[in-house]
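Shared between the two complexes below is chain A, which has chain B as its partner in the first and chain C in the second.
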Partner chain A sequence: MLAAPAVGCVVAFILLPVLAMALHSFWLRDPNGIVIQQFTLTSWREFLDDPFYLEVLGRTGRLAAITTLICALVGYPVAYTLILMPDRFRALMILLLFLPSWISFVVRTMSWLHVLGPGGLVNLLLRRMGVIEEPLPLLYNDFSIYVGMVHYTLTYMVLNIYIGLQSVDRNLVDAARTLGAKGWHAFLEVTLPLSLPGLMAGSLLVFILAAGTYITPLILGGTGNVYYSNLIYEAVIPQLDWPLGATLAVVFIVVLTAVIGLYARLAGVGTLFRKVSA
Partner chain B sequence: MRHSRLTLWLLGGFTLLVYAYKILPVFVVVALAFNPPEFGSFPIVGFTTRWFGGLLDNPAVVTAVKTSLRLAVATAAIATVLGVAAAYALVRYPFRGRAAVQLLLTMPILVPHLIVGVGLLLAFRILGLSRSFTLMLLGHVALTMPFVILTTQHRLQAIPLYLEEASRTLGANGWQTFREVTLPLAAPAIVTGFVFAFMSSFDEVTATLFWRPANFDTVPIYVLSELQNSVSQELNALAAALVGFSVGVPVLTMLLLHLWTSRRRRPARAPEATPAWQPATEGDAR
Partner chain C sequence: MDFHQQGERLLARYRDGDIDRRGFLGALGAACAAAGLASPLAAYAQQPQSLRFDGWGGVGQQALTRHIFTPFTERTGVQIRQGSFSGWEEFLTRVRAGSPGEYNICSLSNLVSYYTFTQGNLGQALDISKIPRFASYDQRGLEAFKRLSGGEACAVPFQLTTIGIAYNRDKVDGASVRQQGVQSLLNDRYRGRIVGENNWLRRIWYAALQSGQDPNAIRDMDAVWDRIRQSRRLVTKYWGSGAEQMSLLSNGTADISDAWGLRVFHLRKQGHPIDIVYPQGIYTDIAGMFVFRGTPLTPVYEMFDIVLREEVQFALAEQEGSTPLFDPAKVDVPQALRTTLPGYDEEGRLRLGVFPDPVYWNGHGDAWQRRYTQVMARG
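Moving on, here comes the complex of A and B:
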């Protein structure tokens, strides 16, 4: 009974809205922009007929995948270093890791304008050192989007890998070494496979976060950097084309569910949820 | 796990670089906010606090701050009450379908805010309701509650059942036991959950943009819309103030919680470590 209000909240505010989106995607938007509750396939036809939408969806998938890959490559050594640290120092380092994620997301993203912009910190330093004459184009392109995306998602990756590494029994690594495995070999054969569930959970979380934010491209992207989540926002808020926005959102949910399903089959759904919620 | 000195140096150096990447950009905004020239960028030529004073004279900023605070406090209050109740039920009552309820309550963490934003807006439209403060509030409660549930649940699991049983045996009813025994012991986690909900509501922008009535700004939305123009010094000052606020509130909470729990450590800690009737081994000179 005590859980009922909370369950009600989730059902009413998370699950039913998905239904609302599905319904809207089949409704008609009249020439005046008013939504009429009448069955039509107009929005779905527009989505399927115009290759633009699928192209952007593919581009977004690539963005999320590359962001995930960078996070994994950068995050793993960091998480591994955290494991090696003495306890007291490690607590401080984990606190510092979390510190930026408390800070307003918009401010964190906007700070890159001052770092990467033509008059920003990086160009200023490079020019003072005489490395470059003209400012490098670091802002409003793919580069700044990746910098911002990784900046936003990296913490979740490090944390999940760290939790995964924590559950690795160090005795097993020592045993492998005693049995003759060299440093790298022991790592590749014992530590890495055992920490894989954490890496998988972190990857899933980063992929979903990267695919779902339109704020980072909005602030750090140029005119050419349109991603799927931006299309949804554009359709729903400035254009007020709710049926189209709903169609795009339903496709997004289906794709993400497929990704999660694929992951769950690979990693086991139990581990995944335990890790993500840990 | 033994490593060569070179490996350790490489790992340590790499980690420092990554930390610099994570933390330093924010300090750039803070540093620029104290720069006297009106144009909000480099080079830094002096020190002034006048841009911060200007914020208080800007009615748009003041209104946005008030809106955000109202929204965040209301969200945190509702999410905490509902979340603690749900966490208590999940930990203490082995009801049928508990695993499913747990999954359902944790799931929102995996749903992108974008989806929640669009979905809740369209659900409201079907009911004939339009964008409003209420819509923002309900949405924020749904988004923040899972975190309150998880932190509280974690803590409740660490409180031994016999304390509640003892209270019941001594004649307290269920509510008295919860109020007098469980609640004080779980309080630090509940406060943490409250502050977390408050901060995430204050910071939320992805879903909120779908829910806010036209021209109704929260602080992050105000910053975002101002960013469409060039970055002014006033915006840098607001950003710096936000950095101070979002670091200050959690740090202050942690300090206060630390003081509070260490002041009443004896009654609070004993049940955590060893049952009260067993001789304490701590401080035992061996």
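Moving on, here comes the complex of A and C:
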């Protein structure tokens, strides 16, 4: 009975919309884009017959995986530094970490145009220093997409690792050192394994956010930077093909659910909840 | 029986003693009310308190507010509720998801969207005779609309949408662009400095011209896809909005692009060294205002009376760079506008390109859009 409001929310805001979308994927669409509520497998057949969709799904998975890896490599030292800081500085640093998220995501993404563009900050500085003569192609390619993606997701990774590190008992590290472990060794043998649940939870979150990204490739990507969410948009808006869009979205939900299942198998889904309750 | 006859008859009955004074006055009052409801005044009695208008937003819509909506509200008392969209397909999705009667009037920028809207039974047929000012406009736009919607028009066409090839005159040789036309967009010399619109119809249009075909009757689609792949290898970025187009041309990322004439007008106004040429066969379209089914028409005709005024169109042209589709025999566009407005050549002559055939493009839309997405993603 106590769980009823929560269950009600899950049913109303998650299950029912997903079911409605799944239902849409079996409907017919006329040439003018009007959806007719008549059962058909046309959209599913199109998805399964054309390897293009799976190809883009794979490309999106790779983008999400690389973004997650970069965030983990960049985020861990940041979170570790936060843990080592005195309390008064730590609060300020966490506030600074959150500060950019007060600005619209689109505006933040667009700000990279002025940093990475031919006349942008990076090229301007390099030219002034005499390092380059012609501007470097930093924008509208994979590089700018990864910069934008990491910028978007890094905060989530840092916070998750930070929470993971907070739960590491410092006495264990001290004990390892007392027993002869050097600083680096104590980190690898004690701190890192104990903070892994935070790293894993952060990785899962970043992977899901990165896989669903749409705006970043649109603004910072160049020719051919098409990802799965862009395909869903293309199907629903310019092509007015809601059934195909729904099919692509259902496949995406299934794939991401499978990723979460895999995570639960490897790390145990309990780590997520521990992070939440920490 | 009209109101006058009805009054005479009532008076006769009163004089003959058939009805008493109270009965006479009551019947006269009822007749007056009935006459009022049926007269032209009735339209005002039934007039809605507000109408909804959806457009492209930004400074363009602000100009419409200033020159059209504010005078309209002052004249009729009808408020205009405004919304905006970034693409007509996105707007159509919203209209379909909305309730009937929620939308009244929207900006229309092309024939294909008009065709899709009317095919979806969303339009309200207009009585053009109630918009006398339309007589001073080029009737070809109206005829094109009527052909697409069973002989009746659900929109008034009053402007041209023009596209050309824009280039930075400090970095690109204008004579070469004029000579090469659409082939300039495939010139390897500009590799990495070319940008273009990410729109399946327009990209196929240019590719058809580049492969020597009529865009409204393409015979060899393989040649078209080849040209699109070729373009994809040379282009740095396919832009998704007019604002992005302006940014790419003004911040030094691009030196040449297919471009909306209106946006180039603004770039030039801001002092950027951007010129535009309109090669043979280039895409041109008709813009206007579309009226949705269920919209009360009396205030709509009032609004169009303001929209179509010469002084309003000249003000919009001067401020926004929109090209009015006046009949040249009836309206003399000032020379100052002729030399700056999109669509006019250097001699101040309006150069109409080719209009898309919506039936043809809608017929191929599904297959071509999907193929376009794949070619753009894979090459």
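Assume the second predicted complex is superposed on the first by the 262 of 278 C-alpha atoms of A that agree within 3 Å, B and C clash if a C-alpha of one lies under 4 Å from a C-alpha of the other, contacts with A are read in each partner's own complex, and residues count from 1 in each chain.
In this section, contacts are C-beta pairs under 8 Å (C-beta built on N, C-alpha and C of every residue); 3 or more make two chains touch, one makes a residue touch a chain.
Fair warning: this is a prediction, and the values are worked out from it, not measured in the lab.
**Q** Taking chain A as the common reference for superposition, should the pair chain B and chain C be classed as clashing or as fitting?
**A** Taken together on chain A, chain C would clash with chain B, as the superposition shows.
**Q** Does chain B (first) or chain C (second) touch A:Leu218, or do both, or does neither?
**A** In the superposition, A:Leu218 contacts both chain B and chain C.
**Q** So in the superposed three-chain picture, is A:Leu262 touching just chain B, just chain C, both, or none of them (first/second/both/neither)?
**A** neither
**Q** With the two complexes superposed on chain A, say which partner A:Gly119 touches: chain B (first), chain C (second), both, or neither.
**A** So A:Gly119 meets both chain B and chain C here.
**Q** Just checking: does A:Val131 make contact with chain B only, chain C only, both, or neither of them? Give me first, second, both or neither.
**A** Neither partner.
**Q** More residues of chain A are touched by which partner: chain B or chain C?
**A** B
**Q** Looking at the overlay, what does A:Met21 touch: chain B (first), chain C (second), both, or neither?
**A** After superposing on A, A:Met21 lies in contact with chain B but is clear of chain C.
**Q** Which partner does A:Ala175 contact after superposing on A: first (chain B), second (chain C), both, neither?
**A** neither
**Q** Let me test your reading of the model: by the given contact rule, A:Ile237 touches which partner, first (chain B), second (chain C), both or neither?
**A** both
**Q** With the two structures laid over each other on chain A, which partner does A:His151 touch: chain B (first), chain C (second), both, or neither?
**A** It touches chain B, and chain C stays clear.
**Q** Pick the chain C stretch that clashes with chain B in the superposition, from 27-35, 189-197, 207-215 or 243-251.
**A** Only 243-251 shows clashing C-alpha atoms.
**Q** Is there a shared patch on chain A that both chain B and chain C touch, and which residues make it up?
**A** 113, 117, 119, 218, 236-237
**Q** State the interface residues of chain A toward chain B in the complex, per the touch definition above.
**A** 1-3, 5-7, 9-14, 16-21, 23-24, 35, 74, 77-78, 80-84, 93, 96-97, 99-100, 102-108, 110-115, 117, 119-121, 124, 151, 154-155, 170, 173-174, 177, 183, 191, 205, 208-209, 211-215, 218-219, 229, 232-233, 236-237, 242, 245-246, 249, 252-253, 256, 260, 273, 276-277
**Q** Under the touch definition given earlier, write down the residues of chain B that touch chain A in their complex.
**A** 1-4, 7-8, 11-12, 14-15, 18-19, 21-23, 25-26, 28-29, 32, 41-43, 82-83, 85-86, 88-90, 93, 101, 103-116, 118-123, 125-126, 138-139, 141-142, 145, 149-150, 199, 202-203, 205-206, 209-210, 219-220, 223-224, 227, 231, 239, 242-243, 246-247, 250
**Q** Where on chain A does chain C make contact in their complex?
**A** Touch residues, chain A against chain C: 31-34, 52, 55-56, 113, 117-119, 137, 139-140, 218, 222-224, 226, 231, 234, 236-241.
**Q** Would you pull the chain C residues touching chain A in the complex into a rising list?
**A** 87, 89-90, 92-93, 96, 116, 119-120, 192, 200, 232-233, 235-238, 240, 247, 251-253, 362-363, 365-366, 369-370, 373-374, 376-379
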